[in-house]
Amino acid sequence: MYKLTTRTRAGTATAIAVLVLILAGLALPAVASRGAIQDLFFILTMLTLAQLWNLLAGYGGLVSVGQQAFVGIGAYAMFAGVILLGWNPVWAILLGGLAALVLAIPTAFFAFRLQGAYFAIGTWVIAEVTRLLIAQWKTLGGGTGTSLPREATSNILGTDLIRALFGVREAAARDILAYWLALLLVVVVTGGIYWLQRSRLGLALAAVRDNVEAARSVGVDAGRLKWAVFLIAAVATGLTGALIFLQTARISPDAAFAVTDWTAYVIFIVVIGGIGTIEGPIVGVIVFFVLRSALADYGSWYLMTLGLIAIAVMLFAPKGLWGLISARSGLHLFPVRRRLAGPKIEGGN
Amino acid sequence: QGAKIRLGYVSPQTGPLAGFAESDAYNIKAFLASEAGKNFEVIVKDSQSNPNRAAEVAKSLIVDDEINLMLVGSTPENTNPVATTCEAEGVPVISTMAPWQPWFIGQQGNPGDPASWKPFEFAYHYFWGLEDIIAVYTGMWKQLDTNGKVGGLFPNDADGNAWGDPKNGLKPGLDAAGFSLTDPGRYQNLSDDFTAQVNAFKAANVEIVTGVVIPPDFTTFWNQARQQGFKPKAVTVAKAILFPQSVETLGDAGNNLSSEVWWSASHPFKSTLTGQSSAELAADYTAKSGRPWTQPIGFVHSLFEVAANVMGRVSDPTKAEAIAEAIAATDMTTVVGKVAWNGAGVPPFAAKNVCKTPLVGGQWRKKDSGFDLVIVENASAPEIPAAGKMEALV
Amino acid sequence: MLLETRALTASYGQFRALFGVDITVAAGECVAIIGANGAGKSTLMRSITGVIRNEPGMVLHRGEPIGALSSAEVMKRGIAMVPEGRKLFPSLTVEENLLIGGQMRKVPGPWNLDAVYELFPILRERRNNSGTALSGGQQQMVAIGRALMSNPELLLCDEISLGLAPVVIRDIYAALPKVRAGGAAIVVVEQDIGKALAVADRVYCMMEGRVTLTAKAADVSRQQIHAAYFGEAA
Amino acid sequence: MILRLDNVSKSYGALKVTDNVTVAVPRGEALGIIGPNGAGKSTLFNLITGNVLPNEGRIEFLGRDVTRAPAMERVRMGVGRSFQIPQPFEGLTVFENLLTAAAFGRGGREADMVDACAHILDETELLKKANVVAGTLSLLDRKRLELARALATGPELLLLDEIAGGLTEGECKALVATIRAIHARSTTIIWIEHVLHALNSVVERLLVLDFGRVIGIGAPDEIMASREVREIYLGLEV
Amino acid sequence: MMWLDTLVQGILLGGLYALFAAGLSLVFGIMRLVNLAHGDLIVFAAYLVLIGVTLFGLSPWLAALLAMPVMFAFGWLLQTAVLNRVLGKDILPPLLVTFGLSVVLQNGLLEGFSADSRRIPAGSLEGASLDLGLVTVGVMPLLTFASAIAAIVALNALFYHTALGRAFRATSDDVVTAGLMGIEPKRIFAIATGIAMVVVTLAALYLGMRANFDPSIGPARLIYAFEAVIIGGLGSLWGTLAGGVIIGVAQTFGAAVNPEWQILAGHIAFLAVMLLKPRGLFPRAVD
C-alpha cells in the first residue's frame, strides 16, 4: 500500500544528462584536442579526490589533512609494481589501491583515537611520516624520486588499440587511456558515493552527522561506519594517486606527498563548492580550474587570488557556492530524500 | 618563413627556487631583440618551484602551445620532471643548471641499477658533473695545508643523493685524490639542528666541509658549528652560497667560504646572440635590474644561444626527430663556454645526452659592502683566469 | 517597568520554542515561571539575557529595547543570570568564579566577595578549589554568588533547585530573601511548583512556548496550575 | 525475566547518580518509574541502553550479560528507547528517521521496512507528516517521533522517558491508548513519567527513585499511598 | 659525553619550537582555532623586524620591540575582521580561511621582498658560545630557550593572575556563560590573537637571527608547532614547552643515530605520546 520513492524530476533529468555526458566523454577523444583531454584529466582526477574528501569530511565528519598520504603511497606502489615487479602500469594502479588500504588500517587505528582538530593534525603527521619513510626507499630513488622507464610507458595496456582507433601518436594514446581511466574512476567514485547515500549506509551517515547519541540508540554502529568511510576513501584516493602519477611518469616524495596539491587544494575545491553535497565538489572543481587557467601565468597573484577567494567564500557563503545556489532555487541534482507515498500523507518536503 | 618557432621555457619564477629565474625576463628580452631571436616566440611557464607543477606546465606547453623545442634549467627539481615529460611526449628538450648525474641517473627507473640505465632520445643536457666538482674542490683544498679529512653534508634530495652516493658520488673521486670523506648520512632539507653532523665531524677530526646544501640549512649548520667549537680550515659547498644575497646573510662568517663557479663576469666567453662578453652581460644586467650578477644569468642566456643555434641548423623545425638530430650535432661556444654533445669526458651510458661546460672554483671575499667571488682554482679550465689563491678559514 | 517582553518569539534553527511571550517584572519584585520540561522557560531566560538574540523591541529594560544586544551588554545593564546547570568555569577556582561575575560591571551595591562568603560561608572554605570539584549544592551557591557579584537589578535563576537534596534546596532558597533585601528583583524558573510559589509574588505558567497562566502567587489554586500545566482540568 | 539489574551504580565525579540499584523486570510487564528531578531516572535508562556504562554492578538482558555491550548491540537485541529531550535526526524527514531505526535496529533492507514504518507512523499520528523534515517539528510531534522511532527498532523492551509531559488531556489519552496497544502486543515497557494519572493507567508496577536509590517498588496504589513517596516526590502537598 | 651534548642541544632546539608554538598554543587553547597561517605570520613578522633593521638601522632587539605593537594591532584586526566571523563548532571554515591567509601572506611577501634568502643580523652573537665544561652551548640557542621560558612565564602570569587572564580562561571554558559575565568573547579573542602576534614577533626575531628565511619558509615548522601544542595538552603553556622539548630531543637523538631519522624521530615521538595520551600530557579538566 505504501511506497518508497527517491525520484524527483530534477533527479531524473540529472540522471539522463549524466548518462549522456558519460557517453560523450567516452567518445570525446575522437574529436577533442590533446590539450582538452589533458585538462579534462586534471579536472576529473581532482574531482575524484574532492568527492572522496567530501565523503570523509562532509558525510563522515572526518576532517583529514593527510589524504596526500594515500595519493603518495598509491603512486609509489604503482611505480614499484612497474619498476620492481615489471607489471603493466594499468595493473600496477590496482596495487596503488591495495597499498593505500594497507596504510589506511594502522592510520585509522591511530587517528580514530583523536577528535576534531587533533584528528586533522594527527592525519597530517602520519602523512609526513609516510613521506619521510618513502624518501628512504633507495630503490625507488629516495628523496630524488624516479621516472617510469620508457619501455613501461610505451607499452601500456590498450594504447596500441587506441592508436589504431584514433590514429594518434603514442603519447596522445597514453593521454586518452589515462583520461578514460580517470573518467571511469570519477564515475565509479561519484556514483558509488551517490549509491552509498541512497543505501542504508547513507541513512546511517546522515543520522550520525545529525546526532551520534541518537544514532547509536537506533542501532547504528557509528564506529564501523567511520572505518568503512575511511578505508573506502583511502583505497580510491590511492587509485587516483596512482593514475595521476602514471600520467606524470615521474615521482618524488615531495611531489607525491604534497599537502598543498593533494589536500589543501582539494579542501579548497570541496568547501568553495559546498561541503556535504555531490554537486559541491563539481562546482568547486570548475571554479578551481577556471581560476587556474585564467590566472596561472600571473604566478604569485594567482595564488593570492585563490587565497582571497577562499577567505571571501567562507565569510560570505559558508555553505559554498552550491549551498548558495540550492538555497535560492531548492535544486538538488542528486536527490537522496526517501519519500513515503501513500494515503493520508501531506505534500510536505 | 611564416610562423615563428615556438620555444617553451619552464622556470621556477616563484617559490624557493625563484632566484634561478630572476634574469629570465632580462635574457628573453635580449634574445628576442637580437638578430637571431627574430624568428622565435618564447612561451614561459612558472613551475612555482613545484615538481608536480613543472611537469604539468611542460605538458601544457607541448600540447596546448605546440612548442617546437623545450628549454629548462634550475636544479633537478625543475629539469627532471620537464625532461621526463618531454621524453615521454617525444618533444626535444635542452636542459641545464643541474649536475648531469642527478639529471641523468635521477631520471632512470631504478637509479641503483646501472645495467638498467637507458639513454634518451629527445632530452639533452649541458652542465658539469661530479667528477668536475671533485677536480675543482680537491684542487682548491690542495692549495691549503690540511689533514685531508673531509666532512660531507648531503641532504636527501636529488642533488644530495647524487653527490653523496658512495659509488657514483664524491666519495670515490675524493679517495682517489687522497682525501677521506666522512658522511654522517642523508638529512632532510630544512632541518633545524646539525649537532649530529658537527659531532661526527669533530669525532673524525675533519678539517674540510663540503656538500650541497640549501641556504637556510647551511646558515644553521655554520652557526652551530661555530657555537660548538668546530673550526674547519675550508668550507666548500654548492647551492648554499650560490647567490651573493645568501652569502651576505652570513655577514662576516661568509668570508672565504668557497664554492664551484660555473659562470662569472670574468669568464672569457662571448654571447653569440648579442656579442657581449661575460663582463658586459653581467654589467648590463646589473644596470637594468639594479641587482648584482649571479651565476644563473649566463646559463639562462646560453640556453637561448643554443636554441637559436640548433634551430638555425635544423632541416625541418616542425619535426622533433630532426631537432634532436640538430641538437646532437651542436658545436658552438656560448657565453658559458663550449657546448657540443660529443661525449667528451662523459661515461658511455650518458655520452649521447650529456655535454659538459667548464668548471672552476671560487672563494667569497668580503669587501666594504658585500662580497666578491674570486676565482682561485682553474686547473681543469685554464682559459678562465684565476684572480687569487685559496685562503684558509682559520 | 524594570523588564518587559513583548510578543517574544525564539527559535532553534527551524524549530520554534517561543510563540509570543509577554511577561513583566517590576523593580524589586519576585516572579516565578513554572512549566513542564521543554515548555520554553530556559529559552525565555536566554532570550532576555541576549544568549539568543531577537528583534530589539521584543525585550525592554526600563522601556529601552534590548532584545538585540549581546549578553555582555545586557549583563552590563544589570541583568544577571544563574544559568540552568550552573555552568561554572572549570578552569577557575571558586573565588575566581565569583570574581569574574563582577569584573565587567563595577557598580556600588551590597554584594562583594565578603558579602557572598557571608551568604554562603562554606564557599569561603573552598575558595581555592576548582569550581567543579564541589558538590552540586555548593556549585549552585557559587553560581548564585557569581551572578550577585555584579550587583544586578534583576537576577534570573533558572532551576536552581534541580538535582539538589531538600536540605540544600532549603539553604539556597533561604538566600533569595536576602538577595531581595539587597534591592534586586528576582525571576525564579522552577519545575517545583511548591518552592516557586513560596518565594514569588506573582507566577507565570508556561506550556509549549506560550504563557498559559498569569496570577498572584497568593491567589493561585492548584486546579488552575494543573490546568495551565497540562492543558485541561485534571 | 527480560531485564535484570544487580547492584548497579553510576557516579559522575563525587555525585552518585545511580546508587546500588537492583531490579528485575519480567517479560511483558509495564513498569513505571517516578522520582523527583535529578533523581537519576534518565540515567537509569542510559545504563540499560548502554549510552552510559555503570561503575559497578551487572545488567542482564534476555538472559545475557550486557553490562559492557555497546548501545547499538543492545538495540539489535531489542532494547528501544525514547529520549527525554527529543533527539530527532533533524536533517532527515520523519519517515527517514523511522527508516533508519528500522533498517539498523532490526536489520534488513529498506524496502521491506516501508509498510512497517508507515504503520507505526499511523499509530503515532505522524503519518500526515511523514515527509516533513524533523528539524521543523513542534514539541508534540517531536515527542511522537521519539516514540515512533523507538518502535521502529522493533523493541522487546521499550523505554519511554517523559513522553507525556506537556501534552493536552486529549493528546495524553490518545498516547495512553497507543502505549496500551503496544503493551498488548506483549512488548515490555518501562516508562518514566511525571504525569501520574497517565502512567498509572498503564503500568502494573511502580518504582520510585530518589538520589539514585530505589526507595520503593510495587503496585501503583500502594506506592502512591506511601507517605515517603508523597513527601519526596509530590513536593507540592496534595 | 656525546649523548649529553645531543640531549642539551635537543632541549635547546625544543626551546625554539616552543617559542614557535607558544602563540599557537594561546589561540588554539582559547578558541580552538587551527591557524594554518601561523608559520607565515612568523615570517611576516620577521620581515617587519628586518625592515626595522635595514631601513631604519635599528638593532634587532629594538626593531622587534617596535614590531610588537604593530603585530598586536594586525592580530586584533585579523581576528575582528575575519576570524571571529568563521569561528564555531565546525573546524573547517577557520581551517580554510587560515589556509587562504597563508597563501596570501606567502605570495604577498614574495611580491614585496622577492625570493631572496634574508637574515636578521645579530653580529658576533651568531657564533658566540659558552663553555659549560661538559658541553659547549651557543649563546643564541640559550637566549632562544630563555626567551621561550620568559614568554611562557609572562603568559602564565597574565593567564593566572590578572582579570584579563580570568576572562581568557572563562571564555575558553564556555563562551556563552562568559557572555553572561559581561565578557564579549569576540573582544577577548581579538586581544588573545593580538597577544599571540606579540609572541609571534619574538619567535620571528629568533627565527630570523638563527637562520635564513624567505617567504616560503613558514609552513615547514608549522607542524612541529602543532605537535608541541598537542603533546602539551590544550591550553597548557608549560605543556607546550614540554612538547617542544620532546620533539627537539627526539630529533637530535634520531639524528645522532642517522640524520635520516632526525625529523622522523620527532614525528614518531608525537605519535607515541598521542597513542598513550590522546589528549596530551597535561590536559585540562574539560576540552
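Should a chain be cited, it is by its letter among A, B, C, D and E, assigned in written order, with residues numbered from 1 in that chain.
Just so it is clear, a contact is a pair of C-beta atoms (placed from the backbone, for glycine too) under 8 Å apart; a residue touches a chain by one contact, two chains touch by 3 or more.
Source: prediction; values computed, not measured.
Note on connectivity: the fewest steps through touching chains from chain B to chain E is 1. Counted by C-beta pairs in contact, the busier of C-D and A-E is A-E. Note: the chain lying farthest from chain C is B, by mean C-alpha position.
One finds 43 Å separating the Cα centroids of chain A and chain D.
Our note on geometry: chain B versus chain C, Cα centroid distance of 76 Å, whole angstroms.
Work out the mean CA point of chain A and of chain C, and you get 52 Å between them.
Chain A and chain B have CA centres that are 38 Å apart.
Across the assembly, chain E contributes residues 107, 110, 260, 263 that each touch 2 or more other chains.
Multi-chain contact residues, meaning those touching two or more other chains, occur in chain C at positions 132. In chain D, 90, 133 are the positions where the chain touches two or more neighbouring chains simultaneously. The set of touching chain pairs reads A-B, A-D, A-E, B-E, C-D, C-E, using the touch definition from the header. Residue ranges of chain E in contact with chain C, taken from their complex: 163, 166-167, 169-170, 172-174, 176-184, 235, 284-286.
Those residues of chain E that touch chain B in the shared complex are 2, 5-6, 9-10, 13, 16-17, 107, 110, 114-119, 121, 123, 126-129, 131, 136-141, 210-214, 216-217, 220-221, 248, 251-252, 255-256, 258-260, 262-263. Of all the residues in chain C, the ones that touch chain E in their complex are 49-51, 70-72, 75-76, 80-81, 83, 87, 89-92, 96, 99-101, 103-105, 130, 132, 146, 150.
Taken in their complex, chain B has these residues touching chain E: 14-19, 22, 49, 156, 184-188, 190-193, 195-197, 199, 203, 215-217, 219-220, 223-224, 226-229, 243, 245-246, 249-251, 253. Partner chain A is touched in their complex by these residues of chain E: 28, 32, 34, 82, 85-86, 91-93, 95-97, 99-104, 106-108, 110-111, 223, 226-227, 230, 260, 263-264, 267-268, 270-271, 274-275, 278-279.
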